[in-house]
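By written order: A, B, C and D. Residues from 1 in each chain.
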Amino acid sequence: MTTSPPDVIRCAYAELVVTDLPASRDFYVGVLGLVVTYEDDEALYLRAFEEYLHHSLVLRKGDLPALAVLAYRVRSAADLDLAEAYYGELGVRVERRAAGATRGIGEAVRVEDPLGFPVEFFHEAEHVERFTQRYDVHGAGALARLDHFNLDTPDVPAARKYYEGLGFRVSEDIQDDEGTVYAAWMFRKPTVHDVALTGGDGPRLHHIAFASHERHQILHICDHLGALRKSGMIERGPGRHGVSNAFYLYLRDPDGHRIELYTHDYYTGDPDNPVITWDVHDNQRRDWWGNPVVPSWYSEASTVLDLDGKPQPLIARSEAHEADVTIGADGFSYTTRQQKEFKLGEQV
Amino acid sequence: MTTSPPDVIRCAYAELVVTDLPASRDFYVGVLGLVVTYEDDEALYLRAFEEYLHHSLVLRKGDLPALAVLAYRVRSAADLDLAEAYYGELGVRVERRAAGATRGIGEAVRVEDPLGFPVEFFHEAEHVERFTQRYDVHGAGALARLDHFNLDTPDVPAARKYYEGLGFRVSEDIQDDEGTVYAAWMFRKPTVHDVALTGGDGPRLHHIAFASHERHQILHICDHLGALRKSGMIERGPGRHGVSNAFYLYLRDPDGHRIELYTHDYYTGDPDNPVITWDVHDNQRRDWWGNPVVPSWYSEASTVLDLDGKPQPLIARSEAHEADVTIGADGFSYTTRQQKEFKLGEQV
Amino acid sequence: MTTSPPDVIRCAYAELVVTDLPASRDFYVGVLGLVVTYEDDEALYLRAFEEYLHHSLVLRKGDLPALAVLAYRVRSAADLDLAEAYYGELGVRVERRAAGATRGIGEAVRVEDPLGFPVEFFHEAEHVERFTQRYDVHGAGALARLDHFNLDTPDVPAARKYYEGLGFRVSEDIQDDEGTVYAAWMFRKPTVHDVALTGGDGPRLHHIAFASHERHQILHICDHLGALRKSGMIERGPGRHGVSNAFYLYLRDPDGHRIELYTHDYYTGDPDNPVITWDVHDNQRRDWWGNPVVPSWYSEASTVLDLDGKPQPLIARSEAHEADVTIGADGFSYTTRQQKEFKLGEQV
Amino acid sequence: MTTSPPDVIRCAYAELVVTDLPASRDFYVGVLGLVVTYEDDEALYLRAFEEYLHHSLVLRKGDLPALAVLAYRVRSAADLDLAEAYYGELGVRVERRAAGATRGIGEAVRVEDPLGFPVEFFHEAEHVERFTQRYDVHGAGALARLDHFNLDTPDVPAARKYYEGLGFRVSEDIQDDEGTVYAAWMFRKPTVHDVALTGGDGPRLHHIAFASHERHQILHICDHLGALRKSGMIERGPGRHGVSNAFYLYLRDPDGHRIELYTHDYYTGDPDNPVITWDVHDNQRRDWWGNPVVPSWYSEASTVLDLDGKPQPLIARSEAHEADVTIGADGFSYTTRQQKEFKLGEQV
């Protein structure tokens, strides 16, 4: 590459296609407590309590549940030109979008990135009230801000290399002794990640994550779903990740889009931040408490659209799948290397 | 019955036989943070931070992991005579024990109760320092007090009737539409239970439980076990019970004895405290968040000794087992009655 | 006394006269999150989330802010007759009230007790939905139940003796080396108190207290008041009490009635529960962290009505006031007895 | 200035002179739970649980309690040359230090900055084990990382301008209607601050702050000090700041150095992060709950040494002091502008 990449600040918003806006509103506003910046019959524009840009999540009505776009904020308007040139050199589809093409967002560049995801870069965005201290409207499960995207992609090393080209650095990854890479966590803002790359058939959106301040806020959302008799929306957790050390919960929205609630990861902003590599057979990598990962978490993910709004075809992962090497007949995991190895499912 | 039962205050202590005292000490003192009142080569006498009686748990060295005794405190010394007469009339084995027969405990009456459990009634006990405000020694997972015993017994209605005879009241139970009772929660102190009766082959000890003040203290114990690479000791949870509304975690000690950590149940002390009956097919009864119960939790429990220290033979449950009617081929559960029913495992 | 006292279960509800019902509603419902069982133009009937009796607090519109009644629940209907006889023998005013005289409450006995407080005993009450698991309506500052009343009375030993006659026991008290008693905490349900007796001009209501499960729920109420720009309603705290070990916060409602939010006291239900006596000069007795008590907390309290609704005249405390011996020119306090004593205000 | 400033990543460590190392160890290790990287008879090198550089705090034995140095980490070794040149152009004293001049720290540049503080810039540092997941050694009051320095300086606008020259940006400040600036919060890492500038006689160190993940960890440290009968070390709080929104606690170490414990501020990393200006008369600016600031917090601070280890002379603030305009005879504050103004002390 001869062109400089745009200076990405952080992951900034996602747009999801949902099939039933009122049902989605019940979930994202009623249960997650996201703040409605704007809504009409076609879309909901939502933000978390400490965000002052117009939205960090757009839900747009459509026929097929899908990811419409992932947006990264760049440092300046000039970075849009860099983005246009950079992706031009990469040879992928690039579109310039006028300010307001997405409500609340200024001029932008949209691309179909080399991994097959629809990605937007923008700098300008409308400012709205930051509800950090609006405790009168914070619920028991208050969420502070968007934290990261997690993407299914067949070739993790290739995807990592692409994101390193954009200036992202790796905080943690999962490998095996043969060097197969199952997942990698990469960041621009100094947290564990802005984007995680999960090895799987792709491009698909695995999940987007919002951060809270404390764990009881996440636990409340479990309790709240129980009270609504919607505990089936809880897919996995709550638990503590080995990777990232974050306390987590995975939910499925009414269309099956996966949302993570997340808190307590760590500062990664120094240039020599140590990279942590986890063994795929380490039973505490995905859950520090050794609780099993449910199969759906490995296998299901959201369809991704191209810039014309058509579903991207899937490319199958050719390397081993993490689920296959850790669950079932051929998968051996351990809690301590010194132990006689045991299979998941035999645990206690 | 013509004899009055003793006036039971609450569940007070359990004695467990363990096979490796140092390993047990690592778990109960090192991880759970229980306070050592006394220890020698044969036994450990432990209490939680807000307890001022000599112990709420005795771990005694032996060849076979087992429950040696469950002890209830009675209101006065005179209740010992009542206990002796009451169990005499019940026709079960009764023994009078001198003060100090168990270190720190005064005169006592021990019986093999009609359910086959070794049960002690005592009033006098040695007082030791109450560490309520000794925050200098409270760890991040501080436990406040013993909360309850949970017993496997084949015939829950019969066991309930026996405990009602002793003055216990039911707070909650699990039944099905045919009237089969799968479990009942019964109390003397005004919490959800001092003893839970779980339908299963018995007599066996399902677990004993300690209460903390806040949920983060329980979460820390998960984190601590992860750090020790002993996450395999976490059997089930953390989660929120439907029954009792308590936040819970189930651990297995080095001998496989099950310990629950528990917080946030509710006051039951008024005479008209409403009894809650849960449908065995209600997927949120055991976990309010709908997370599945692991099979071992249903099937495994500790051997119970008779007053001679010999294992009690098991009596098989003849009615349906909760695991069988809620997991697998014939078990249908629901989150809301209105929903098309679904099987556990199909969840999400 | 030749008559047996009624068997009191616990403190059950209070009725306060407030001057501006909508303003009170904003505070008790809007900020504290209490559940409205019933309301009309004259009164609000409120309960906390784990309560199933009709109310634990009545706010009644009136011209003068005052305490109208303190109500204790008794074990059975027969206890009403005992109450009537008992107070008859005590020679105070006694009235029998028909069921429904207070909405939701059955037949009752009201007395002007020997301390000058209007006290009701009732057994029957209307049951309403218990919102324990209605997490869909629990706010971030959810309160679980009424915990206790705190009363200003000039002669604490006399008041203690009176309450001991009613079967209450002391958990903790504050004294000095000369034997002056400044306050005592007394209970029927097995918590630190159902009623606290504070030495001061009386009869006055010092405060009523509601319990939450965790401390963050109390902290949220502080944050919420800050967001409303009503931080002036926070009188004292949050802090940790020395006495009771509870985490606390004192608020003043729109009429100046003091409400405590409270959590983390301890179990007192065993007959030999150790009594803790604090030295009035111990700087950590009122706040374990040594933070000073604000003067208003010592001096201000709510007027108490007689059974005709007229303010009770005050009787001045003749013994030393706690504020006088611990704050200001003549008051010496210490953190450790070994230290050179220092005055409050010189702290740090 | 013609020279580029060094690229500062964040505040990285402080060195304090303490007079009694064992007493300081009791506080910083015994109570705050900081991890000892190295210690000898002359000094203690400490870090918090999520830090992997050799230390974030050095305590060095000396005769006079003082601040010996504040250290900022820079992005690369080349930034040391930039620092040397930059401060050379500023005309202040500059010293190059060899690697190891401070244990665990590589080559460094030390300066007496224009505000009179001894400041070090370093890039290389020894890596040590990051205890993020070492929950076996985390106490109930676990601290995650150094968060910021707070400095007393007489002329806040001048100090702000100096720090802006170094690339710091303002997140919040306190002013009055006449434009007097009382304090400013400035950052490099995307939190509310790496350094706060407080208007006062200076140069003095007001405090250094460590961050925890949750509030209960800070509350535990209060409880712990209470248990040690050292509650006198609690100077102010716990509380919620208006500025920064952080939950806070101020302690005084055995030499009187002030340590803040801090959590829950917000992300500031976007280039258009909104600056919040607080009115000095807003009673919720320093404590969102309106609790008063104790006078010592305004008046006391640590002596600062020059590069020869001699105390820097103080320069008096010529503008109004925040304490003077908000406490006492001439200070008017408000909770809401609409209210009749009231003085602090009259609150409630």
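Throughout what follows, contacts are C-beta pairs under 8 Å (C-beta built on N, C-alpha and C of every residue); 3 or more make two chains touch, one makes a residue touch a chain.
The shown structure was predicted, so the numbers you read here are calculated from the model rather than taken from an experiment.
Chemist: Shared interface numbers for chain A and chain B above half of all numbers used, same, or below, different?
Modeler: On the two sides of the chain B and chain A interface, the residue numbers are mostly the same, over half being shared.
Chemist: Among the chains, which has its CA centre at the largest distance from chain D's?
Modeler: That would be chain B.
Chemist: For chain A versus chain D, what separation do you get between their C-alpha means, in angstrom?
Modeler: Once rounded, the distance between the two centres reads 34 Å.
Chemist: From the C-alpha centre of chain C to that of chain D, how far is it in Å?
Modeler: That pair's centroid distance is 41 Å.
Chemist: Mind pulling the chain A residues that touch 2 or more other chains?
Modeler: Residue numbers touching two or more other chains: 133, 214-216, 223, 226, 242, 288.
Chemist: Considering the complex alone, what residue numbers of chain A touch chain B?
Modeler: 215-216, 219, 222-223, 225-226, 229-235, 238, 240, 242, 247, 252, 283-284, 287-291, 294, 296, 335-336, 342, 347-348
Chemist: Can you check the complex and tell me which residues of chain A touch chain C?
Modeler: 133-136, 138-140, 142, 214, 216, 220, 223-224, 226-228
Chemist: List the residues on chain A that touch chain D in their complex, please.
Modeler: Against chain D, chain A makes touches at 9-10, 50, 52-53, 73, 75-76, 127, 130, 132-133, 144-145, 189-190, 213-215, 242, 245, 263-264, 266-267, 269-272, 274, 288.
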